[in-house]
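Please find one structure pasted underneath; my questions will follow.
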C-alpha cells in the first residue's frame, strides 16, 4: 500500500531485461551508441515526427534544460502556481536559466486558465525594459492536480503564447498517464498542439531512471546547444546506453501505454471506493493521482494500517498509483477506512 | 579491442545482480531508502571515517558540485592545465560555481608540481580586489596522464593549499586504479592527506552509472547544502536506490579493488608489449592508461585491425583498459603491430 | 510640472559644488581616496553606528549586491508583490543572486503584512529539500505605494525573520523621505530595528548618482566580500571620489533631510489639492508620492497641460515630487483640473 | 608626480562645464533624455557609422556586457594572458557571461600573435561537445603593455576570428591613446577592421565616469538585449544624462584627441628621459604608458621623492600619464633619478 509516489515503484521487469541485453560488450560513450540511436528512432516513431532527444537523469534536469533553451536569462517562464518547476525543483529553472524568472498563474485543478494567460500576456510591454517579459510557457501534463490538458486545451494556450513570441514547453513527467486518459496520440498532445520542447518522462512509468528532452520542429536544430548544456550540467551519462535501453524497453510494444492504463484504472478504482464512502475527491480523476479530503481519523487509520501517502500543502491526501499497484492494495486501503 | 575509454565497458555482472535485488517492491524516493543508507555506510567503512555521500549521474556533476561547495563565485580553482575539469567538462565548474574561474598550472605527467603551486600561492594578495584569488585546489588521481599522486604527494600539495585557506578537492574518477597501484588505503589517499571533498567514481570501475561526492570532516556538516545543490542541478535521482545498489555491488568484498587491479595489470602488460617493440611510452604506467607514441603506420595498422583508442591532443595514442579487458585483446593488439 | 519620477530631477547645487571641489589633482582609484573615507565616516555618524559602505551607480545594483550577500543561490528572498526588486529591476536579484528566487507576499499600501510573513515562515520545512526556503526578507521604505514602515513595524517583521534565521534587507531608495515623515532617526529605522544591510539611496534625494550599500553589525565583517562582488559586477567606479563627493554633499548639514522634507511637503500639498476636488487618493501620503484615481478626462487635461506623470499598473496616476518641485507647479497642475 | 593610473586623474574642466549645463531642469530617466540622444549621435559621427550605444559606470561593466552579448555561457572568449578581463576584473566576464570561459593566449608586448590565434582556432572541433569552443575574440587597444594594434593588425586577427564564426570585441579603455598614436580613424580601428562590439572608454581620457558599449553593424539590432542586460546588471543609470553629458564634453571638438595626444607625448618624453639614463624600457611607447626596469635603488629614490607608480607583476615599474600630467612632473621625476 505505497501510494506515496510513482517514483517509489520498482522498475518493470522488461526494463531489467533490456538493461541486461545492453550490458554486452563495449559501446561508445556519451551517447554515440546504438541504443541511443534506437531510442531516438523509437521516440520519433511514437511522436510521428522528426525530433532530437537528450537523455537525462531526472525530470528536474529535463525541465530545466528545456526551459534554458526556450527562455533567456533576462526573460520569464509562465507556469501554474503549483507547478513542479515552481514549487518542487529547488530553483532548477532559475539555475539552468541563469536567473530566468518564473511567473506563476492561478487556475483550477492545476490548469492554467486561458483568461489568466491572456491577462499576463496583454500586460507585456516589450519596450518597458525594467520588467521581465515572459519568453516561455510551461504546461504540466498531467499537472500537479493529476489533471490533463487535452490537445485542444494545449493548443489554445500554446497559440496564445506563440502569438506573443513565447516558446512552449511541456513537463511530461506523467504524460503517459495523460495519453492513457485522453486517448489522444502523443503527436496530437505535443508538437501538433504547439509544444516546442517536451520533457518526456518514463521513470514514473516504470524505468529506473529514464527522462528525455525532446526537441520538435525548428527546435531540433538546437540539438547541439542542448548537448553542450547537457554536458556542462553533468547530464550526459558516460554510459548512456543504459538510459537508452530503458527507454527502448518502455517504448517497445507500447509497454508505456499498458502500464499507464493500469495505473490510471487503479487510481479510478481507489477514487470510486473513496467516493462511495462520501470522502470528497478534490480533482477529477484523469490519471494516476487521487486527492482526497480525509478526516484526521481517516488519515490515522490509513497510516496505522500501513498505507503510505503524502499530505499535500492544501491539507488533502495524495494517492499515486503505479504500474505495479495491485487491486488488493486498493481493497486493503479501503477496508482500513 | 576497445581501448577507447573505461566508460565504454559494460557493467560488472555483480552490478546487475544488485540492481535486480534492489528492484523489489516500493522504496522511498530521492535517497530516503535503505540502499542509500547502506551505500553511505559502506563508503564510511571503506574510508575509515565518518562522511556524508551524495550520489550523482556523472563524474562531471560530482566534480562541479564538490567545487561549488569549496569555491565561491568570486574565487578560483587551481588545477592542472590538462585536468578533466579544465579541458573536458564544458565549463561545468564555471556553471555550478556561478562563474568561478579555473586557474591552470603546469606539471610533468599530469601532476601539479609543488613549485608551480607555491608560485601561484605566493602571488596571491587578498587585498587586491581586482584579481581572482584561488579558493580551492583540485587534484585528479589518477590524473590525465594516467599517473598517481601518492598520499605523500597529496599531503604536500594539500598542506600548501590549506596553509593559504584553500579547500582541497580530489577528482577520483579513477581513484580505484590509483589505490590499486599505490597500495595505499583509501583513507591515506584522501582525507588523511588533506582532501576535503572527494569525487569518488565507480562508473569507470564497473558500474552502469555510480558517482559520488564524499564530504569528509567538517565538510560533512555541509551535507544539507550539497543536497540543495544536488536537487537544484537535477542530480538527485528520484529512484536513487538504483544508484546506491551499484555502489554497494562494487564496495562489497572489495570488488572495486579486484577490478581495478585487473585493469592496471592489463595496462602494464600492454605497455610492456609496446616497449618491447621500442614504441615510446610517454608516462609511467601507474594505472589503467597507456599513452604511446605511435608512428602513422602503427596507428593505421591498429585501427584497421579493429583496435579502438583515442588520439590525444599531444598526438599520442591513449589506451585505456577496463575490468573486462582480456589478455587476448592485448595479444591481438600487439600482434597487429 | 514633471511628476514622473524623482530620478527626473537635476542634482542639487551643493552636489555640483562638491564635485568641483573633488576635482582637484590626483586621487587614488577604486575607493582608496579621502572622499570615500569621509563619506563612509559621515554615514557612520548619520546612522550612529560602525558600518561599512560600498558606493554604486544605481539602486538596482545596491539592492542586488545586498541581497546577493544575504541569500544563497539555493534560497529565496521574501518581498512585497509590488516591490521594485520583484517588478522593476529586470531580474537583477536573480542575476546577482545566481538564481535566487523572489517570494512575493501581499499586503495593503505596499507593506508586507505580519500575517502574510508569519504564514510563509511557518510553512518552511528546511528538511524538504525540494522547495526553496526563504533566507532573506527585503523591505522597501518608502515602499512602492509611497508609504513608510515605522521603526516598530520594521522591528516586528525583522524579528520574525531573524527568528527563522533570515537576513533583513531594506531598499532605502527613498528612505530619506520615510525619515522625514516619521521623524525617526536613521539608526532607529535601520539596524536598531533589525536591518542587516541597507541600500541607502541619495540619487532621488538630489545627487546625480549616489547609491550605497551599508553593512551593519556583524555584516560589516563581510565588506571584503562586498568589494569582490562590486568589482566583479563593474560597480566599483574607477574614480570613486566623484560618487563619494555627492554623498558628502547631501549628508553635510543634513541637506538630505531638508530636501526630503521639502519633497514630502509638496506632495502633501498636491494630495490636499486633489482631495479638495474629491479625487480619490489611494494610499496615505507618507512621503513624496501621490497615487490618485483620475478620470480619463482629468488625465487628459493634465497631460495636455504639460504635466508629466506615470500611469501605474493599477490604473492610478502616480505623482512624485522632488527637492526642486515648486509650489507653483502644484498650483498649476491643480488649476488644470 | 602621480603616474599610478589615468583613473587617478581629475576630470577635464569641460566635463564639469557640461555637467553643469546638463543640470538644468527635469529630464527623462534611464536614457530617454536629449543628452543621451546627442551623445549617441556624436559617437556615430566619430565612428562614421550607424551604431547603438549603452552608457555604463565602468570599463569592467562595458567589457562584461559586450562579451555577454558575443559569447554564450557554453562558449569561450579568447584574450591575451595579460588582458584586463583575464587578470583584473575579478571574473566579471565569467559573471555576466554566466560561466563563459576565458581562453588566454600569449604574445609579445601584450599583443595576441596571429600564430597563437591560428593554433587555438585550428584545434577547435565543434563536434567535440566536451571542450569549450571559443565564440569571441577580445583585443585590448591600447593593450596591457601600452601597445597598439594597428587597423591592419586588428583586421588580420578579426578576419581569422570571423572565419571561424567568432565575434570580435575590443576593450578600448585607452583606445583614444591608440588612435592618437596610429593616427588611424576611429572607424578604421574598429568596425572597418572587424570589431563587432567596442568598449569605448573616456574615463581615463578625462571624464569622471564615462564608459560606453558600442554596437556596430548587425549587432546594433541587439540593442534591446543590451538594454535588458544593462538594467539587470544595475548599469542603466537613473539620471543617465550626467553620463551622456560627459561623453559629449569629450567628443565635442575632438577634445579626446587633444587630451590623448598630450598624454602620449608626455609618456614619450618620460621614456626618452629614462632611456637617456640607460634605464631599460620594456615595451615600445605607443600610448600613455611606460614600463621601465628600475633598480631597487632607483625605485626607492622615486618613491621617496613622492612619485607614485605601480610595480607590475613582472617586476617593472609602470608609469601612466594623463591629460593633465605636466612636463614639470616628468622633469622632477627624472631629476630624482
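For reference, chains read A, B, C and D in written order, and residue numbers begin at 1 within each chain.
The rule is simple: contacts are C-beta pairs under 8 Å (C-beta built on N, C-alpha and C of every residue); 3 or more make two chains touch, one makes a residue touch a chain.
Computed from a predicted model, the values in this text were never measured in an experiment.
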Problem - Most remote chain, CA-based centroid, reference being chain C - result: B
Fill in the blank from the handout: Of B-C and A-C, the pair joined by more C-beta contact pairs is A-C
Fill in the blank from the handout: Chain-centre distance (mean CA atoms) for chain A and chain B, in whole Å, is 33
Exercise for the section: Find the geometric centre of each of chain A and chain C from their Cα atoms only, then give the gap between the two centres in Å, rounded to an integer. Expected result: 42
Problem - Inter-chain centre distance, chain B versus chain C - centres from mean C-alpha coordinates, in Å - result: 49
Practice task
Send over the residues of chain C in touch with two or more other chains.
Solution key: 30, 73-74, 89-91, 95, 98-99, 129-130, 228, 231-232, 236
Practice task
Spell out the part of chain A that touches chain B in their complex, as residue ranges.
Solution key: 2, 4-5, 7-11, 16, 19-20, 22-30, 56-62, 64-65, 89-92, 95, 203-204, 208-209, 228, 231-239, 242, 308
Handout entry: Of chain B, residues touching chain D in the complex
Key = 73-74, 76, 87-91, 94-95, 97-102, 123, 129-132, 313
Problem - chain D-facing residues of chain A, complex - result: 30, 72-74, 98-99, 126, 129-130, 224-225, 227-229, 231-232, 236
